[in-house]
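Next come two complexes, and both contain chain A; in the first it sits with chain B, in the second with chain C.
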Partner chain A sequence: MSGFGVQVRDLTVRYGSTTALDAVSFDIQPGAITGLLGRNGSGKTTALSVLAAFLRKTSGTVLVDGEEPWENPRVMSGTGLVRESGDVIAERRISETLRMVADRRPAYDPTLAEKLLDMFELDPTTRPYKLSRGKKSAFGVVVGIASRTPLTLLDEVHLGMDAPSRYAFYDVLLQDWLDHPRTIVLSSHLINEIERLLERVLVLDRGSVLVQSDADSLRASGMTVTGASADVEAFVADRDVVARQRLGSTAQATVVGARPDDERLARESGLELGPVPLQDLFVHLTDPATEAAR
Partner chain B sequence: MSTTVIAGPVRRGPVVLTARWFLTAQLRLARWVWGVGVVLVAIGVAVYGAAAETVDASVAQYGMQALCWLPLSVFIGQALGYLPAHVASGLTRRSLSRGATVAAVGTALGYGVAFALVMLVERTVYDVFGWTWAVGSDGASTASFLVACTAAFVLSSTAGLLVGIIYLRHGGWWGTLTLPLVVGPLVALMVFIPIVDDEQLFLAAAVAVVGAVVAAAVYDRQVRGATVPPKR
Partner chain C sequence: MFDGRAPLYVQIADQIRADVLSGALEAEEQVMSTTQYATTFRINPATAAKAFTELVDEDVLYKRRGIGMFVAPGARERLLTRARAAFFAEVVDPVVAQAKVLGIPVEDVVDHLRNGGPR
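Right after this comes the complex of A and B.
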């Protein structure tokens, strides 16, 4: 498998008296697309910043491709973090910044960059400070994808992008990952949109790891139940229901936890069982009430 | 499946890449500085020649202060704003410190050479009109004056880097409080260079070089531990 793997053990990051990450441990599988999910202030950006050597850990061990990333030329050269619209010099033309990236990223693909600039309708002679919010994010995406770093970290890069641009970004990211496998970590609040891209999921909450799992297993930890309202309510009566929807006489409920005879009971009741949306699971997992019950 | 690496252009070392990035901005400023400066010197010489009974001093020498302040202010801005882009492009803080310092010294030396060339042209013009050309005080030679000025340029460039990184790491209050400490010696040099003799000019140059070395060393320490600030 291509791409850097990551091993983090007991990572703590403090900003003065605030603990952003509290002895977290997690692994990021090389070559996989991992979703890094969490509510605002959960520590996602801090975790990504440590991996990319943007900031120093307070304590713990962080290994990117087997080495600590801080001031490590090899690891830093192979790790790319794009935060929102990227860290670029806003007064330099887009073409200048891409030349700078080309000089510094061994796997940078200028043809792909050009294609992405066309796709997002970005003029290479423009300076980023003149761009709209969404266009700035699009430029960040261009840099992130075209750099083809073995560890690519994309932190809320979709901000301000319209829906067509976001879906174009997801499509090109997936296709390029298939053509040039590498490790990608995608942090986003638009879980419904990125779900189809994810092989693995890491959920942070208040500076700790809540869930670390492959996406399919996580989805299999729950299910949607769809059918006639009364039958659905009867089926889920004694279950942990995380979401409900109703349309006329039809209802859909999302439940956590599966039982051996679920399929038989559903068939007998004329109900349809389906996979659970990751977003519903995420909201349930990070709900303070759920946390208290845990 | 293995990653296909598309070969990019020949990659220079990180220090060279960094120095080139800083120097590009300095060159853009230098075009304007020297372009406008030469015009101002020409106007100054013309007015001096027309208005004064006796012409016996260089006009260009008075550009020394501007040539200290301008690169200093640009290096402050670069040190303040460049760190995130540098780290985000995969280079280490060590290469930033080295590359920026190389650029600072290179800019200063370039300014020194350009300053000397402008003075050479000015002296030629003075010779044509039969005027007396001199720089600094009575006991100062052109060579020692230029050496002292160039050393002051080196100090101003490295001081600019230091001030910028202090603003970045420690915020506006500390940056402003530290400013007199860093820039104070530079101001003293600007006052003394035009009025002291040869021996004192070489001493001033030595003080400027020591100051530049200290500024570069402290800048290096500050950069090595710098965090990339959060996005706003």
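Right after this comes the complex of A and C.
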């Protein structure tokens, strides 16, 4: 089992008069770690909730491992969604929740769960409502990873976790994924921290799919062009410019869509090319002003 | 580390090439596995694997089944040959182009280098 794949076509979800997802189509590659990025209210949690059959779609086609997930026991037991709340029973002991998880998740690994509890310094006899935000999140991570579901959906699970705990989470996620490959979708606003963990990226923006790409090419598609204003303008003339800055006679443009001979062209015009961190690219791409101009 | 403009896998491959060129990694020396590389640098294993595949295709690394990845014999020489060819296109040519912009005759550049270069 290398993980469930996902195919979504024209998925629409409405809550009353609000359209959370508007005819979106995307694929999630089986066995890969995909980053689901989007601003608040972009529809990330709605999309994940439909995949996990927590929420019924309004219309469209959703296939998880080839089947509609809604009221589908096989697909549901193989799909684990942990939302930012941790999705655990607050009033029951951690050990009780884990026993319940063990009953429902065929690939659950109790030894791993124990190791992770230790790592995050969680006492199995504690009831989550007594825990801090960060510890509650850490318990969500334990459930999410130890369940080893073929489709693991982690929605802002790091909230409240301090930096050392988050790094421990990334390390254990990578290690366990290497030992037990499966499909992982990681949604986070901490793009800087997670970008290198990702093989694929899916960006949602106001209920639509903005980008669907492999992470490396998306990041490499962005670049800054710096130099004399006139030269910069000539270089970016027929390109998708998402930001411009000027300082006296020097200008810097941020461009999406790198081309193979860019280095040579830039050198010939005395321009300097620089990288754009995925996070900045994301900020530019989801900026309403940018979108209006495109 | 890994904050350049090129795709991550290219930067990973470049770093290993640089280590082979400088002699930090010698022929027949074992290099980190994809797994070790991914977990050490918190990088997606598929991205790291892509870099290693490229290096195997270029005969910089080779795989010993069940043991790991090693620097191929002659890898440094092959990289040197390629780097020397690129040196003129990527280092010398821009200098000449810049000299032209500044109105410095190529002979002056050559004289400068003949007289001991940077002082």
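To be clear about the criterion, the second predicted complex is superposed on the first by the 245 of 294 C-alpha atoms of A that agree within 3 Å, B and C clash if a C-alpha of one lies under 4 Å from a C-alpha of the other, contacts with A are read in each partner's own complex, and residues count from 1 in each chain.
One rule holds in what follows: a residue touches a chain if its C-beta (ideal position, glycine included) is under 8 Å from a C-beta of that chain, and two chains touch if they have at least 3 such contacts.
Just so it is clear, the model here is predicted, and its values are computed rather than measured.
A.B. asks: Please work out whether A:R56 is in contact with chain B alone, chain C alone, both, or neither, and reply first, second, both or neither.
C.D. replies: First partner only, chain B.
A.B. asks: Using the superposition on chain A described above, determine whether A:S137 touches chain B (first), chain C (second), both, or neither.
C.D. replies: Neither: A:S137 stays clear of chain B and chain C.
A.B. asks: Between chain B and chain C, pick out the one touching the greater number of residues of chain A.
C.D. replies: After superposition, B is the partner touching more of chain A.
A.B. asks: Which of the two partners, first being chain B and second being chain C, lies in contact with A:A107: first, second, both, or neither?
C.D. replies: first
A.B. asks: Where does A:R182 make contact in the superposed view: on chain B (first), on chain C (second), on both, or on neither?
C.D. replies: first
A.B. asks: Please work out whether A:T254 is in contact with chain B alone, chain C alone, both, or neither, and reply first, second, both or neither.
C.D. replies: Neither partner.
A.B. asks: Going by the contact rule set out above, which residues of chain A touch chain B in the complex?
C.D. replies: Answer in residue numbers: 2-3, 45, 49, 52-56, 71-73, 76-89, 97, 100-111, 148-150, 179-182.
A.B. asks: Which part of chain C faces chain A closely enough to touch in the complex?
C.D. replies: The contact residues of chain C facing chain A are 2-9, 35, 38-39, 41-47, 50, 94, 97-98, 101.
A.B. asks: With touch defined as at the start, can you tell me which chain A residues reach chain C in the complex?
C.D. replies: Per the touch definition, chain A meets chain C at residues 32-33, 167, 170-171, 174-175, 177-178, 196-199, 215-217, 219-220, 223, 258, 267-268, 270, 273-275, 277.
A.B. asks: Using the touch definition up top, name the residues of chain B that touch chain A in the complex.
C.D. replies: 1-6, 8-9, 11-12, 14, 17, 21, 81-82, 84-85, 87-95, 224-225, 227-228, 230-231
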